[in-house]
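Next come two complexes built around subunit A: one with subunit B, the other with subunit C.
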Partner chain A sequence: MESLDGTDWDVLIVGTGLSQSLLATALSRSGKKILHIDKNDYYGGSEAAFSLQEAEGWSRSVAKDGSSSTTFANVSIHQPEGSETDLTKLLSSRAYSLSLSPQLIYTRSRILPILVSSKVHRQLEFLAVGAWWVYTPGNSAEKLSGNSSQSRSGTAVGHGALNKVPSGREDIFAAQDLDMKAKRSLIKFLRFIGEYEEQGEVWEAHSQAPFSTFLSEQFRIPVALHASLLALTLSSLDADHTTTEFALPRIARHLRSIGSLGPGFGSVIPKWGGLSEVCQVGCRAGAVGGAVYVLGNGLAGPVIDEHPSDGATTETATSSDHLMVVLKDGESVKTRWIAGSRTPQPTEPQICSKSITIVSSSIEALFPPIAEGAPKPAGAVVFFPSGSLVPPDEEDAAPTLSSVYVFVHSSDTGECPANQSILYASVALAGDKAVNLLDKAVQSLLSSVNAQPQPAILWSLRYEQRSQLTQRSQLTQRQENLASTRTASLDQQILVFPPTSLDLAFDDSVLDQVKGVWRTIVGDEGGDFMVFEDREGAGADDEGGEL
Partner chain B sequence: MASHGVSRVAGSQTRSDLAREKELQQIARYNELVELVNRKVAERQYTVEVLSLTTKLLTENPEYYTIWNHRRRVLQHLFLSQTEPASLSSDKHQETLDFITADLSLTTSLLRQYPKCYWLWNHRYWVLQVGEARLQAVAARKLWQGELQLVTMMLGADSRNFHAWSYRRFVVGELERIPAQPNEVVPSKQSMVEAEFAYTTKMIKANLSNFSAWHNRSKLIPKLLDERESDDVARRRMLDDEFALIHEAFLDPFDQSIWYYHQFLMSTLSSRNSRESAIILDLTDTDRKRYCEQEINFIKDILEDEEDCKWIYEVLIQYSTSFPSLNGNESIITADDLREWLSKLRGLDPLRHGRWADLEYTLGL
Partner chain C sequence: MADSGATSAPKPSSSVKLVLLGEAAVGKSSLVMRFVNNDFQENKEPTIGAAFLTQKCNLPTRTIKFEIWDTAGQERFASLAPMYYRNAQAALVVYDITKASSLQKAQHWVAELQRQASPGIVIALVGNKFDLASANPASDTSTGGDDADATATAEEEEDVDGESDARKVPTKTAKAYADEEALLFFETSAKTGLNVAEVFTAIANAIPETSLKGPRGVGGQTNLGRQEDSARVNLTGANVQGPKEGCAC
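The block that comes next holds the complex of A and B.
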């Protein structure tokens, strides 16, 4: 391969995470000279998917990196001994595609029409997310009397129960365990949520109030049902600290999405490894459009800093309005624009502990059929409300943050072989408490599904991920400022995406950011964002004639 | 525009000049085709060529019903010269079957895109009628079973398509009529009422707002009871079970379709109800009073949770007029009740104030 030294580009994109990959797609018909690099030897960045060996490699490189400003930290892998039997074996490394980005995509998300209009959707397959579940713990009498199952680590976990969250009116109609008053109050709330924006008088006065209080006072919803509604918000705070203002739009999004792409489900996941597939497809589109891709190459020195005057400068402005950048191997390239993403600063407050667990069962009980005419579900969501895994008096700090979500992916996703599943667990805490919660969540899930034989944990990965607090970044502000100026200065040529959000559902604001960066680069003659015609030879066939 | 709470989604697109040019060309080609077909038909050219021209035109615009008429004229001329069914193994039989299958497959593929086009359903009906008269019973029955499958699939795609529901009733009727055994004149034990009743239960559980499913159920229950030869006890149990079911469905009193079914159940209590739609055959006045009071009390209970649901007030007033025994001194509906409900209606539905004024007059309030 020829050296990059001395080459000249319009755009240098650093990193192949989701934002950068979507940007590559957006620019793929612009005729710009684009160099797209990634310091890893795989695509996807923080959204990547790994085989077992790749996960091990990643674990080592994160440990080695050790700098204080990182997205990931404390990666560890565990393979329990004696977990393998003839029937439940860990298969070869490549049989697995474990995703760092198992976010679900709501069917009304704008990313889906964008993937269609940019014509990359044919390379992607989406699978339905089916039932949502809420965990309620078994009572303490069960624990004491020895009815609880012993996990391998020796701590007793009671047989809790998983209750399905009703996904609409007909589910509520069919529910046996609710009385008419409870059912009517839920229906009333569902009706309200359908058009809550026009009923400000019902909720605006309570927007900062805890969601729990709002449900009890305004809709007389019994406390036992609050967890089901809270689950739909994917909130990391418990019901007493999640605000009404936060909860309502998220529940509305959930309910309005049901039925958009097919009956009975409202969210999807990409096949083969979460958002990493979208990254792959996005970069492929970029390559077809003429961009040059180089893996295993990054910027020399620190990752793009918004204030390059601090510390080591890697860019200097030249008089011809191009930036000069030095790459890892000492090559120097010139480029008009640089786009990349920022890693969170050590002071950024948002942190999440996550685990990926391979389990030796397909856990069919979590994937009941969705509805007549609906696709088979490949994903399920299990919510463990604060206090359901660890009794409140054992907590000293941040009991409000101990809600755990587990996304369960079946082998239909291609992420694991048949008769196994992947559990993606997360909690908005760090440290030993977080690890303990995630472990307990996985154990409790497995013991409450009553699968025979008892599912075993074959392998698990734990890590921490950091991000900034809000998704609305300084970037959007910047783009507005840039619109009014034409003279490019050093600062304005470096376009920075914020760190990957920790939200468990895909956040559409990512698209706004990509669009903002794209608009800055192409100016006013760029045409419509992500709207392309099929390339020659890729169109649909004509219909055959008939009698 | 919303239909019973389900809004239609319109696709809106911005069109480039190129796309507009393309569209103008398509319009010109279409108009040429229309002119060609109409001319040929006027010249009475009922040929295979003209048949395929109508196929082309109808595929583009199935709503152009005159062309369906032309098509039928051509088909009649080409395939329908004889009026008796040919023998099963003859060429003529096969030919008739072929033309039926071809036209059915044309309308099937069009129905997928236009599931509510009257002319598609009508043409299908015509094809089956004329074809069936010229086919042996065995072949005809297979066709109708195919129709049942089609209708089930269409209802799976859109359970509220009333065209499909009405067609379903028709198909079921035909299947019940045509003997399964070749030598039977009148079919024995071929009724599909039980299966159809179970089908409505399934559809309602999938979507409570299904007017057509509730309506179909209301048509089936009297027939079901007759077929089962249910005695009076069984009949009462059926009515009680149906009331219990609809009570469960009142978790959403704003859903109009549920009130329609309740009104049907109440109508079977009326002394003016016909035998065909009867559930209980030996209703006494005491029975009527008991059922009415039971239902009125249940509905009044719902009012505690839902003051602002106008259906409740409308239905309560309606029942009081349909069942005069409810009014009067010791009854559970007083004139004050009626006044209160009427004033609620005025508040909830001010656009219909003329109607409420009229009602007030009729009730003598």
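The block that comes next holds the complex of A and C.
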């Protein structure tokens, strides 16, 4: 196993991002000879998690790669000059595991049963996301407080306020500052959304209408409550631009997920750094299945068909067809299939800016207990509606895209030491305007949580991430594959995943793509997707011996 | 080991992720096999890639469930180990007392762990194949009850008459290195079982209680009165005391 070029590989998996890592797990019992490489010297690709030092290395390498790495750009690290005491609070580099992929995973997401049936869940821990909050700016806080429920935090004059999004009927009834009419309209809306699919007559005619118009006209929901409902869509657009068709299924997903893995919460996050942990565990399952892992070595050049003369004319590849690729270290690898992911083009329209901020407080106020019998929350969501951070009249461009979401992770995630927390902020814009909004969101959050002394920023990282606008089908992806020169047969042996989605909730279409690639490789005899027995000795608690 | 029968009293239980590292053929898989199945196979086929096994270790006040990652091969690419020692709370770095180069390799692993793994990871240095050293009265006992270090050092003075003694790494050398780096140290035999359980018990005892609850052994976590896994979401729906899967009891 000391040389890569002496082997006829069945599958070369390029990159260790989420799709590729799940593919590695899916193929781990297939008996295929698998070589899994990554050009980076860390696992996880666009879903990686970093220590402080690794984050610095990443920032340098993105800067150096320039245009060749179009997924990420403009990475910068900031360590504010604070008081001595604040600075010493930043612990050693490896006390942090900062995630490039802090997405929420809804408890109804199909990825969870897949992790269970493939038995890799045994190496993962999931934590609950508790409260969702909506920010309202200082002066108007009292006026707009209609959507607050029992646990209000931070209504200090001059600061904005965070109001908890009611998470169900009980919350709505308990809300003291909602009048009966508003309560009734909300309850009516929630009842509708519970089975909106069957009530096409209520919304289909409005599917392209702004969600705000739909809420006002169909349900008479006061404008002050729109932000709470919009928050649940995780839409990057404001309520006047988010379509009803987009909003309804997402709110339904949110509400239907609540309770399915425990009372009062609807989404989870993996411990130790978001989806990076799922990538790691996926690759480990690959290694247990015998795959060879090579970091720091990517594709160096185009894929060459071993039989170019046939390849140009033959429609279907035969089992003897192998592709040749040269790796960065000069070795050439012979493989039947190549699976990798497409890098977004610089012209790709979908872009967002993100920041990761280490804060010197556990911000307990954001993590009220979820419900009786529920796990302790490790995540919270804070939504800053368009216009709440920068007054509309000061906005130069359209405020359409200026909603900011901040995911707050407690130290229970293992991403930071105790008594600190991590703020993952994102906005669907690029450039200075985005930077300004992200900074304002973090500042506003910290000043509105009423913690004494006010939490300080210990360290922060900013970057831009690009993806593609819509997830196109895997088949059309093949036209824009890894290689620059292709033949018809090559296209069938090169299987390409789209770039990581910028959605703030895990996008289940990843699973369909992985399944599609897996099925192409293993054929109809491959059994069920990701359904495995425990390996010997790796069983549940009650199996296996005791000392 | 202590009170394995006393399962009725619910002791706090926590998982500890442990990774095995070391040169090929030093006996990593054999140590795990001895620990998990109390078994030894003379000519087992080598591990490919990695293997995952679990085993519980009962301490007087708590139960530790070891999640053991046994790695193998692919040394040239140096890419396998990082995905196993990431977030690991313990590492067992193994060498073969009959092969001097294997201690060097072990030292490389220790250095890499100190550089890359979680701060606070508990590392045990283990010299395996103790049975191959000469004049080993302990070599036919399984899971000897003696204090590990005492047994090992006592033997070492006597390894003079060459014939059956294949020892190449003096206990003193390895012990001195382990002390310097603050590692737990044992000489073991997966073949006879000598000291195997002791290694794991020592690791279990060395894991600070705070790191079992808090993130990455950073400590200082004050989960007062909270149950250990109070934040963990159960994916398999057995939150409440439902029937245990695959268990007839």
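Assume the second predicted complex is superposed on the first by the 473 of 547 C-alpha atoms of A that agree within 3 Å, B and C clash if a C-alpha of one lies under 4 Å from a C-alpha of the other, contacts with A are read in each partner's own complex, and residues count from 1 in each chain.
Simple rule for what comes next: a contact is a pair of C-beta atoms (placed from the backbone, for glycine too) under 8 Å apart; a residue touches a chain by one contact, two chains touch by 3 or more.
Note that the coordinates shown come from a computational prediction; the quantities given were computed from them, not determined experimentally.
Partners subunit B and subunit C, once the complexes are superposed on subunit A, both fit on it without clashing.
Legend: residue contacts after superposition of the two complexes on their common chain; A:89 is shown touching neither subunit B nor subunit C.
In the superposition on chain A, no contact is made by A:78 with either subunit B or subunit C. Contacts of A:191 after superposition on the shared chain: subunit B is touched, whereas subunit C is not.
When the two complexes are overlaid on their common chain A, residue A:372 makes contact with subunit B while staying clear of subunit C. When the shared chain is aligned, subunit C comes close enough to touch A:291, but subunit B does not. Of the two partner chains, subunit B is the only one that A:172 touches; subunit C does not reach it.
Between the C-alpha centres of subunit B and subunit C, as seen from that of subunit A in the superposed arrangement, lies an angle of 80 degrees, given as a multiple of 10.
By the document's definition of touching, of the two partners only subunit B reaches A:180; subunit C does not.
Of the two partners subunit B and subunit C, more residues of subunit A are touched by C. Shared-chain residue A:112: touches subunit C; no touch with subunit B. Here's the short version: in the overlay, subunit B gets within 5 Å of subunit C at its closest Cα pair.
Annotation: subunit A residues 545-547 touch subunit B in one complex and subunit C in the other.
Contacts from subunit C toward subunit A in the complex involve residues 1, 4, 17, 35-38, 48-58, 65, 67, 69, 73-74, 76-80, 82-84, 86-87, 116-119, 197, 200, 214-216, 218-222, 226, 230-237, 239, 244-247, 249.
Looking at the complex, you find that subunit A touches subunit C at residues 1-2, 42-43, 91-92, 94-95, 97, 112, 115-116, 121-123, 125-128, 261-262, 268, 272, 277, 280, 283-284, 286-297, 375-378, 411-419, 535, 537-547.
Contacts from subunit A toward subunit B in the complex involve residues 169-170, 172-174, 180-181, 183-188, 191, 371-373, 545-547. Across the complex, subunit B meets subunit A through its residues 48, 51-52, 55-56, 102, 106, 156-157, 205-208, 248-254, 302, 305-306.
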